[in-house]
Each structure stands twice: as C-alpha cells, then as structure tokens.
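In what comes next, subunit A is part of two complexes: it sits with subunit B in the first one and with subunit C in the second one.
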Partner chain A sequence: MTAKTRLRLLLCIPAIALIFVFMVLPITNMVEMSFRTPGTTDPFGDDYTLMHYTRILGDGYYWSVLARSLLTAALVTVLCLCVSFPIAWHLSRARGLKAVLLYAAIVSPLMTGVLVRNFGWMIVTALNGPLNETLMALGIIERPLRLLFTQGLVVLALVHVFVPFMVLPINNALRNIPESLGEASASMGASRMQVFRDVILPLSFPGIQPGMILVYVLAVAAYVTPALLGGQMVSVMPTLIIGELTGTFQWPFGSALAITLSISTVIVVVTFTMLTWKLMERAKA
Partner chain B sequence: MATVEAIKLHKRYGDFVALDDVTLNAESGQLVTLLGPSGCGKSTTLRCLAGFLDPEGGDIKLDGDSILKLPSNRRGFGVVFQNYALFPHMTVAENIGYGLRLRKCPKPELVRRVGEAVDLVRLNGLEDRLPRQISGGQQQRVALARALVMKPRLLLLDEPLANLDARLRDEVRWLIRDLQQQSGITAFYVTHDQSEAMAMSDMVAVMKSGRVAQFATPREIYQKPVERYVADFTGEANFLSCQSVNAQGAGQYAIQAGGAALTVAGVPGLTGRAELLVRPETLRLAAAGEVADFNGRIVKSAFVGASLLCEIALPDGGVLKLTAPPNTPVHVGDAAAVVMDRAQAWLMPEVAP
Partner chain C sequence: MSAASATFGGQRTIGLGFSLLIIALYVFLLMPLLTIVGASFTSGMMIEFPPQGFSLKWYHEFLSRKDLVDGLLMSLRVAAITAIVTTTIAMMAALAGQAMAGRMAGWFQLGMTLPLLVPELLTAVGLLFFLYKIGLGKTVLGLQFGHILMAFPYAYVSITAALRQVPSSLEEASSSMGASSWQTFRLVILPLVMPGVAMGAIFAFINSFDLYTISLLLKPIGGNTLPLALFDFLTYEFKPTAAAAATLSILLSLCGVVLVQRLVGLQRAF
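Then we have the complex of A and B:
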C-alpha cells in the first residue's frame, strides 16, 4: 500500500465510521428486531419468527396503509414538480438582488421547525381559524370548511415544505442549458411551447430526476405532518410505525413495518430510475 | 433569394450604446461580413437580424418588407452559433432534422433532406452519434447542415470558426463559402478575423463601438479605408503623418510625408492634417541606382523564413515596416532606400470623420 492510498483510506474513515454507526448498525438492529418474537414483559422476546411479516402481508389493512403512503408520496412528488418547475425557471433567470430574494423565499419553508410549521397549518385551517373566517366574511362559503385532518391538507403541507428540494436541483439543471439552444430552436421555427417541450424539459431532466427521488423519499418517511394534520383520519406507514414502537411497545412488529416500508420505497425508486434511465443518459451534457 | 436592409438600428443597454445608427444591406446571394473587435456591436446587429433582440430604433427589411414585428421563429432564418448550440440530447440526424420535424415535413422527405444535408457537409456515418461524441469541427458542420437543411431565406453566422483550430478553420471557411454560393443564400457573417472577412465576403462592414465605420467591398476596405481604425483592423499597415494636404482635384493630393514629396490618392474632401496609409507589401528596398521614394535607416530586421521583416526609420520620425526577400543583405544601422507603389498609397484624415 502506497502512502497515497493509505492517506486516502485515512480520509475516508470519518465518513465510513459515521455511516457505520448511524446507518449500518441501526438498520441491522432493525432487521434483527423485525424477526424477534413479541415480548410480554419486555418490548421483544428471545426467539426468532417470521410471524410479523406474514401478518403484514396477510392483512389487507396494512396493504391499504402502505398503498396510501406510497400514493400520497407520489402525489406530493408530482404536485411538487408542477409547482417547482416555474419557480426554478424564474430562479435560473434571476440575477443579483432578485436572485438572492428568490432563494430566500424558496428555502423559507425550511427555516421554521417542523412542529411550528405544522401547528401553523393547524391554526390557519381550523374550523374557526383565520382562513375559514375570512372566506365566510367574504361570503364565499356559508359554513366553515373541514380542512384540518384531511389527506388534502397533509399533501398541501408536504408540497409546501418539499418545494425547495425540487426547485434547487432543477434550477441547477436549467442554469446549465445555454440560452443559445432556445434561440437555435426558435430560429428553426419552434414556438415557445415547442422550445420548452423539445429542449428545456428534456435537458432539465438531470435536475428533475434527483428532485423527484428526494421529495418522494422524504414524503414517504414524513411523520410529523401526517400525524398532526391528518390526525386519526389519515393513517400512513410512519404514523403506524411510531404507534407500534412508542405506543404499544411492539418493537418487533414496528420494525417489520418499517422494513416493509423501506423495501417498498427502494423498489419504487429503483423502478423509477430504471424507467427514466434513457432520458437521463441523453440529457447528461 | 432575398435582399436584406438594416436601417439606422439603435440599441442600448442602460448607458451603453450597443448600436448607433447601424445601416447595412445585403443584395440577394451576397455574403456580408460584420468585422470588428469584441464589443463593437457586430453580434448585437446579427441578433437583431435573427430576432433574438429588438432594436429600439430603426428597421429591418427583407425584400422590402419590415420584419421587425416578426418573432424569430417566424422569420425562417438559419442561424449558426459560435458555440454551435447543438441539442446535446439529440443525435446528429435528429439535430439536422429538428426544424423539418417542426414543420411537419413528411417522414420520407425528412429522411431524404437530412441525408442530403449530411452528404453536403460530409458527415456520413456519424448520423446516430450525439454531439458530445463527435469533434468540434464535426459539430460545426452539423450546425451548418442544421441551418441549411431548412433552405433559409437568410443565413446568419456568429463567429462560426472561433472555436476551431487553425487547420480546421481554413477547411470549414471554404466549406461555408462554397455552400453559401452554391445555394445562393444571402448571408451575414460575424467575425473578428480580418483574413476570414477578406477571403469570404462580398461586402464587409467594419464596426467600431456600435457604429459602422465603413461598409464596402473587401478590396476597398483594405486599399481605401476611410480612417486609420479600418486600415489597422484589416491588416499590417504603416502610417505616415502629413502636416498639410494640397488638393489636386478628384481625390488626389500633393503631400509631404516621411521626408518625401508625393502625389497620392485619398479620401475625398480632405483638408488639414492627414495620414498616409502604406501597406508593407507595396514597399520594397530599392535596387542599386534606382530612384527611391523614401530614404531612411534600418532599425530592425528579423528573418522569418519566407522573408525578412525590416523596420526603417525615416527622417521625419515616421517608421516603415516592409518585407524583403529572405536573403537580402541588410544590417541594422545601414542606410536604406525604399521604393513605394505610389498607386497603392492612400491618404486618410488623421481623426476619424
């Protein structure tokens, strides 16, 4: 081993240690836990079993919660993309002070803590909250709208907070598209929509793909927002898992649910990546 | 094909005047070059023609009709960009066929015309490559084919050779000129390279800080420049200052320059101080016994292979650069007699008109 390779390995050690201690160990522990028998006095028993997985796979309820989790995250991701693309476009065109202010506005949802932000949503959307009162005062509605504890509000709040994760990579990709490409396309007769469809959109894919994956993974794993804004009405996997782990102290079953969710998410992300592989390969400049 | 007129174009960015009264025209089938240093407004003019920029004043006419209101995608012009602006996610064939596809050209015709364009620029065999998989010269030719396949009314080329190495530049330069002449397309060509401008153009517009300094044929630009700036920009030049000029009618002047009394042609209407343009190639060292135009002293000489570069100091402080045959026996400090082709000397105003 040369001095250079030794130095390289040495420099990798902190990162490897971090990943090992905070990722490999806990996940290994989770996996092991998910095969434990349930305990009576302790949170888990001494023997190993497949019963938690057979229970999850055999029960339509868990399938439906898993499906809701994955579909909600997909909806959040798609809405996030729709909202973020125009914002990213403007950001990529902005210069100077305008760019700074736009950046600040875009990352602003991340500047408040997750609890404060969600309590904010609860207050605003409550039956007698400012939103309903304003709408009633304006005569737009007669009775207060039930917004709180609906899946719609959960989706809205998640889109709100995940927009920066979508905007920033797309902005990056858009900045890498030379303006002359749009001009070239226009000079060949392309309308603005055609320039967008044929040039801008495909070439921004290197930003869209990571943005979508990032938002999807974050949305699947979101706990606080569905727990606070969805209430008892909207169960998703994370709320279920936390319930098992900290409510009923069924650590093995909770772990099995968590592993199921993780594997499902990985399958979705890998499938998405494979389906968009060609688009990505072409757009890499 | 098409005649183009740019009339009194104005464009400003804040306080910076990018275009100031730019007036140019191209006859059908002509290649007009916009020549000048960076920032002189040549690319801005081209971008106005293409419709990427709107001038604040003036008009652009195509075959007599104003096209100022027409957006770039409706002008039907072919544009070749300095960075080629190839679509990186499309193959060579897709790049070339893109415009035809937008026009809903039927598939068999599209395939045929793309094939013809590929033949024209000799890119056969590279149709399915992506732009990043071919060389710079090949990318340049794709850009050219992509513009020509549309049979544009006007071809606009923005420093198309700037990113090529010297050998390729020569090759592509001739290719562009050949294709332009074969197809008879009217073209505007932006460059800062005077030899490119000379070799390719029917007309040259030398631009200087947003204005057209001179718009004329390459020969006129080179031999009869209206001011020193133009002469300097179009090639090697000697300038001798004259304190006073004596008009002899019809652009002829009697002058004293470099210690010699001469009668030369020049810009019409000169009075007061003037500058005499003497191109190095119109000068030679006098043979023994020959009557010289200038007498001076050799201050520099350099052997450059094909020739010998000499600098000769004249009695009035002027300096003449000239080239001599490579084996001429010259020594720094020697007296030198110089003969000038008087018909090619040209008198210009000392200050720009």
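Then we have the complex of A and C:
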C-alpha cells in the first residue's frame, strides 16, 4: 500500500465516526437500556433486571400485538409483490420517453414523504371521497364504507408506501432476462402461462427475494401509517413502543419491546431466506 | 412476441386485460398525490375530492398559520444543512471506498449503508437515549445529527456510483503529468462526478425533509418540522390548509424527480 493510498483511506474517518457514534453506539445503548430497572424520577433506573422481558413474554397482550405486527407486515409484503410484479414487468419492457414517464410515476411517490401519502389516502377513502363515490356509482356498495381507523386502510396505505421498493429490484432483475428467451420458449410450444411460470418467474427471483425482505423489514417497523390511519383502534408494536417512550416515559420497557420486535423480525427473515434458498440457487444456475 | 400473439386466439384479450390492470395499478400509485393537489385548490370549507370550484385561499391560510410556516422553515433549514454536510462526508467516504479492495470494500459498503438497512424506528429509539446521555437531548443540533445520519447512505450510494464511471486511467494520467492529488480531484474527478454529487445532495435534502419518526423522537423543545406540524394539524383540525402544505411538499419531490432525470436519468439513478 502506497503512502498516497493510505492517506486516501483516511478520508473515510468522518463517515465512520458518524455511523459509529450516532448509530452503533446508540443501538448498543438501547440494548443496555432494556435491562435497566424502571426509574422513579428519571426515565430509567440504576440497576439491571430481566423483568421487562419476562413481563413481555408472560403477557398475552404483547404476544397478540407482536403477532398482529408480524402478520400485517407479511400481508403487506405479499400484496406488494402482487401489485409490483405487473408494474415491474411492464416497466422493464418500456423504452424511450414512455420509460422515463413510467419511472417518474413510480419514483414521485417514493420521493414524497410517507405522511403526505397517507394523508392522500384519508381523502381518497373519506365517506364522500372518490373511492366510495366510485363504488356506489358502480353499484358495488349501497352505503359508503367507513375505512378510516381500520386495519384494512393501514394495509392499503402501507402497500402503497412500499410498492416502489419492490418494483425497482424486480425491474432490474427482469431487465437482465433477454426478451428472446421468452420468445424461444413460446416458439417451442410453451403457453404464456408456462413461459411465465418456468422461465420468467424463476429468473426474476433475484429481484423478488431482496425486495420482499426489504419491504417486510420496513413494514414491521413502520410507525407513521398505523399512527395516523389506524388511530387508537389498531395497536401495532411501533405505536406501542413510541407510546411507552414519549407518553409514559418507560424507556427500559420501550427498549425491551423494540428489541423483541427486532429479534422476531430477524427470525422471520432468516427463515424466509432459508426456505427460498433453493429458488435463489436455481435462478443463479 | 407480436407474431406469436397473432397466432393465438385469446392472446389479444389477455393483452387488453393486462393493459387495464397496468392502468389500474398506476391509478393506485398516483391517486393519493393527485387528490391532495386537487383538494388544495378547493373554494369550499372542507377537504374533498373532486374540489368545489377553484381558489388559492387555502395557500393564503397556510401562509398565515405560524405553526405550519415555522415548521416549513425549520424543515428547509435542517434539510439544507443535511444536504451540505452529508454530501461532503459522503464524497470523502466514496473516495476512500474506491481505494479499498476485496472483502474490506464489501464490509465498508455495508457499513456505509447501515442507516438505510436498519429500520428508522430502532435508530430513532437508540438516538433518543444516546443524545439525552451526551446532553444533546431535545436540541436542534441533536435532531440535525439524526437527519445527517439517515440521509448519509443516499448521498454515499449516488456518489460511489458516479465515481465508478470515471476511468482510473484519467487519474493515473493526471498524476503522471505532475498534478497533486488535490489538483487531480479538483480539476479532473470532481467535474466528472458532479451530476452524481448533485443527485446525492437532492436525495439527502428530500430524505431529510420527509423524515418523520426520527424527528418525532428527537423533537427539539419549541421546534417542529413540517411533517410533525402537519401530523398534529391533521389530528386536530382536518382542513384544506393541510392539502396546501402537502402540495408544496409534493411539488418539492417533483422538482427532485425532474432534476434527477436531467442530471443522470431516472433509469440510471434507481
């Protein structure tokens, strides 16, 4: 290594300091916090205890909220995949100006804040909003649906938030499949369904798997959407955690909840990765 | 594919069905944004879509609301500082990352994108305790550090991608002709990666402007960012003023999209 290269490596010091001091240390600190005793005047006490974890594991209420968080995120991930795949397929075949406009349509929501997009859904699903008006005009429903503060709306809005995160990796994977491959299988007598199932879907898996993991991890920890659109009715782990931290100032207990959520998420992601290992290997071959 | 679709009878119906599906999905994607923009121009008293008539009165109302305007100014200021600081640090880190090889480069890349991979909620909770411990709890400076951390990976990824496009032969040629490292960077590398740097700054700015969870937990005393102020406003008074504020935010992201398209092209950026 030359002196010049060594000097150049020093340039990473501020970035490493930033991430170490403001991310690695705080998260380590949070792990420590989860073992602290509850405080009386301060938000935390001086001694260490396991009581927060035993409280969470011993109380059915926390199990049910945790289960709701994990299941909601799974539902959001699957719906996200269903919405994203056709969009990504269509996008990967577009060229020129059309491609630019489609990219803009997908990226514009991505670059708009989650809060703003959730607010948009409040207008769309209002009692006299466009969704209810359309459904009534079509004769599908007779009376307007009350959607605000329901779990259904939270799921819908979360799917909307995460679709771009899924479309982009799948689109990148699909772009790498030559168009001629589909044509070749079709000319050899494969039906469209067969081409899709046996050629396109397996080859796009390297985009699908990371997309699903990313969406799941983000969806489990999403706070704004359930807080705004779920109201008091829909408790999920993130709203519970923030409530403990800002409402009742139970920092150790809030930390223990956050760590329980993280560990559960890691378990789900690792299981998913192991289950889909074969599919991934097949796509690479 | 066109030759094949002519031979199969039902293909055209499938094609039509697929087109309708795609249109429906894009309506789903854009609907929330379009309704907000529409609702902000209503002349009525309620948030509704389609809006009643046309007026700009809710934009006037927005400008007369001190809490919302203060939030907007605070968000703009924090985002501007975030963009400048993250872009500088990310530029340095990207240059260092380029000089690394093999496994070390991979770990470095992972470390630099950590704030993007770990859910914002965890980082926010950790920072809440940590800033309190070091005496920066509930201060603007603490909030600023949180924003810089969260926006950093976006700037880093954009700049690294731009640096990768610069052929290493250029750098070698420049130094063999006697230019110092600084001169090579300033006169050769920087002009070539400028579009990527600008894009990184835009991403950092927009990310900071939109952050919610971090800002909620690190909220300084007496200071609100626009998303925080907007959340409170939506909870307590649901009026078209919120649509006007949100439209400004949408406008900002559209400017970002247009700029990124002109700088490097959306297709290459995402």
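Throughout what follows, the second predicted complex is superposed on the first by the 243 of 285 C-alpha atoms of A that agree within 3 Å, B and C clash if a C-alpha of one lies under 4 Å from a C-alpha of the other, contacts with A are read in each partner's own complex, and residues count from 1 in each chain.
Here, a residue touches a chain if its C-beta (ideal position, glycine included) is under 8 Å from a C-beta of that chain, and two chains touch if they have at least 3 such contacts.
This structure is a prediction, so every number in the text was calculated from the model and none was measured.
Peer 1: Now for A:203: first (subunit B), second (subunit C), both, or neither, which partner does it touch?
Peer 2: first
Peer 1: For A:33, using the defined touch cut-off, is the partner it touches subunit B, subunit C, both, or neither? Pick first, second, both or neither.
Peer 2: A:33 sits against subunit C, while subunit B stays out of touch.
Peer 1: Between subunit B and subunit C, whom does A:86 touch in the aligned arrangement: first, second, both, or neither?
Peer 2: After superposition on chain A, A:86 lies in contact with subunit C alone.
Peer 1: Would you check which partner chain A:78 touches, where first means subunit B only, second means subunit C only, and both and neither mean what they say?
Peer 2: Neither partner.
Peer 1: With both complexes superposed on chain A, which partner does A:22 reach: first (subunit B), second (subunit C), both or neither?
Peer 2: So A:22 only meets subunit C here.
Peer 1: Using the superposition on chain A described above, determine whether A:282 touches subunit B (first), subunit C (second), both, or neither.
Peer 2: Once the two structures are laid over each other on A, A:282 reaches subunit B alone.
Peer 1: Please name the chain, subunit B or subunit C, that touches the greater number of residues in subunit A.
Peer 2: If we count touched residues of subunit A for both partners, the winner is C.
Peer 1: By the touch definition at the top of the document, which applies to A:187: first (subunit B), second (subunit C), both, or neither?
Peer 2: both
Peer 1: Looking at A:128, would you say it contacts subunit B, subunit C, both, or neither? Reply first, second, both or neither.
Peer 2: A:128 sits against subunit C, while subunit B stays out of touch.
Peer 1: Could you give the residue numbers on subunit A that contact subunit B in one complex and subunit C in the other?
Peer 2: The overlap between the subunit B and subunit C interfaces on subunit A comprises residues 183, 186-187.
Peer 1: Could you please specify the touching residues of subunit A with respect to subunit C in the complex?
Peer 2: It is residues 4-5, 7-12, 14-16, 18-19, 22-30, 33, 43, 83, 86-87, 90, 99-100, 103-109, 111-124, 126, 128-130, 160, 163, 168, 179, 182-183, 186-187, 192, 217-218, 220-221, 223-224, 227-228, 238, 241-242, 245-246, 251, 254-255, 258, 262 of subunit A that touch subunit C.
Peer 1: Going by the contact rule set out above, which residues of subunit A touch subunit B in the complex?
Peer 2: Against subunit B, subunit A makes touches at 178, 180-181, 183-191, 194, 198-199, 202-203, 282-283, 285.
Peer 1: Contact residues on subunit C for subunit A in the complex?
Peer 2: 1, 4, 8, 11, 14, 18, 21-22, 25-26, 28-33, 35-36, 39, 47-50, 89-90, 92-93, 95-97, 99-100, 108, 111-112, 114-115, 117-123, 125-133, 145-146, 148-149, 152, 156, 181, 206, 209-213, 216-217, 227, 230-231, 234-235, 238, 242-243, 246, 249-250, 253-254, 256-257, 260-261, 265-267, 270
Peer 1: For subunit B, which residues are in contact with subunit A within the complex?
Peer 2: 50-52, 71-79, 81, 83, 85-89, 98-99, 102-103, 130, 132, 146-147, 150, 156
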